[in-house]
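These notes are about the structure you will find just below.
Per-chain residue numbering starts at 1, and chain names A, B, C and D are given in the order in which the chains are listed.
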Amino acid sequence: MISHTPPDPHFETRVRASFARQKVMGTIGARLSSVLPGEVTIELPVQESLTQQHGFVHAGIVTTIVDSACGYAAFSLMPADAAVLTVEYKVNFLSPAVGDVLIARGRVTKAGRTLTICSGDVFAVAEGREKLIATMLATIMTIRERMGLEG
Amino acid sequence: MISHTPPDPHFETRVRASFARQKVMGTIGARLSSVLPGEVTIELPVQESLTQQHGFVHAGIVTTIVDSACGYAAFSLMPADAAVLTVEYKVNFLSPAVGDVLIARGRVTKAGRTLTICSGDVFAVAEGREKLIATMLATIMTIRERMGLEG
Amino acid sequence: MISHTPPDPHFETRVRASFARQKVMGTIGARLSSVLPGEVTIELPVQESLTQQHGFVHAGIVTTIVDSACGYAAFSLMPADAAVLTVEYKVNFLSPAVGDVLIARGRVTKAGRTLTICSGDVFAVAEGREKLIATMLATIMTIRERMGLEG
Amino acid sequence: MISHTPPDPHFETRVRASFARQKVMGTIGARLSSVLPGEVTIELPVQESLTQQHGFVHAGIVTTIVDSACGYAAFSLMPADAAVLTVEYKVNFLSPAVGDVLIARGRVTKAGRTLTICSGDVFAVAEGREKLIATMLATIMTIRERMGLEG
């Protein structure tokens, strides 16, 4: 594991405040669990309202939580006055998203001045056991001029 | 544009029935608009309940509609007894997802026996003008053994 | 097709000079054919020395020419004093890379201040007919501070 | 780390024989170093003949070795009569490919019946120190009908 030192000591407060402004997280029922320097975990209880035609959680919803986990992992290492935007990502889906809860873990692979590269994994928990169901490789951008963006 | 001949003449009925089973589409308010051979369009009215911290529609929700547009574009060219699953995708985000409605268009680039390659674009419509905000390149799988999967 | 206006009227000279410095292009035998604003074409005669275990041109060599085609498509729209670097790409391989010559076409989808998004296609030509064998979606960066980089 | 049990006990012989048929590896000077179940390492001495315009090894050549590392990691876990093909990959480039030698490590994340998901990393070694310069996420296909393909 790579160890990161966040330039902003209040990184956790900043990440939690930004997550609280992501209204979509309330809509789908996702919760921010842990916020560490360069590593963020989001949990999503599986619900029928989020499923695709086979009854699995839709790939796009799986992507939603792991994108935010990666984005906030990057954001945790940014200066206090920066904003974060997702440039692009790729996701591979390994197994159906079924179970009790999905856990998305995002981690910073390399934090650059402008671009941060993150990897993310999503696990489905059923009967207390975790199974890897999706994996992401993402490019996240630090926006310094802010352009009116907050967080 | 590539012209495709669907092996199942009832492809549109099959696509619309499968889309109707995607409960997440009702949850976010997405509608299936056109279903052509190898090309499917999904529309999503922009709502505050789908936004991230800057008030844009969350990248994962943008991904949700363009994934389904690509998946159903592939599904429209599959045999009547096949099921469809997303193997993986990459999405680039070009501009903020703001406006009145998002339009996701998925198109088949190459339909293979097992794997179908699709490209998708998402446009944001504001004041009657379309702007490209995201583009996807996706790998979709034809499941023939069905494994209990429907559609 | 999107029409682009290059900020540097000498874009073609600049692209051709940079391509000439890519020693790997001489090593594999690739040629820069057309250089248009936001669109660049590279050709590679198929040779046994570039093949993988089945006798097809190796995916990485196919990637090499379409990466340069995309990178130079982006570079053609950059200011005269900028350098170009590939941030990331995704490539799907649709058919075996066999035939007489491979033609890689890179096109700018969106040219931003810092990041440019490009799409690329590779065609294999055999008996005078083109077949799409690979497609790329790439993120290219404009380096302004140069950091000692030329072209 | 995930532990894998290869169905073919002669997996290393099979991987090394296939690598030996990849003529492009001789052309660029790459060597197959270790072959473990689900994990393969390829080394490439840095040479001027492989560079792009800034004197770094070209992104496509970096991709060539990590694609083969991932493909052979997948191949090591396939049945003796299967062939291997790359469906698609994404690569992020983190730092310039400079130094004495590049080391590409491919690992299987999930080996499925038809599709295997791999991750790969490329390190540049300079003055005895390794630096991560690129990371790949790839989808590899097991070809069972062989279609005349060997290895």
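To be clear about the criterion, a contact is a pair of C-beta atoms (placed from the backbone, for glycine too) under 8 Å apart; a residue touches a chain by one contact, two chains touch by 3 or more.
Bear in mind that the values here come from a model prediction, so they are computed numbers and not experimental data.
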Legend entry - Minimum number of chain-to-chain contact steps, chain B to chain D: 1
Legend entry - Angle, in degrees to the nearest 5, of the Cα rotation that carries chain A onto chain D: 180
Inset, instruction - Average the CA atoms of each chain to get its centre, and name the chain whose centre is farthest from that of chain D. - result: B
Legend entry - Result of counting contacting C-beta pairs for A-B and B-C, higher pair: A-B
Legend entry - Mean-CA-position distance for chain C and chain B (Å): 29
Inset, instruction - Could you give the separation in Å between the centres of chain A and chain C, each centre being the mean of its C-alpha atoms? - result: 32
Legend entry - Centre-to-centre distance between chain B and chain A (centres being mean Cα positions), rounded to whole Å: 22
Legend entry - Per-residue overlap in chain B, given as positions that touch at least 2 other chains: 87-88, 90, 92, 139
Inset, instruction - Would you pull the chain D residues touching chain A in the complex into a rising list? - result: 90, 92, 94-95, 109-110, 112, 117, 119, 132, 135, 137, 139
Legend entry - Residue ranges of chain C touching chain A (in the complex, touch as defined): 87-88, 90, 114-115, 139, 141
Inset, instruction - Quick one: which bits of chain A touch chain B in the complex? Just the residue numbers, please. - result: 18-19, 21-24, 26-28, 48-54, 57-61, 63-65, 67-68, 83, 85-93, 149-151
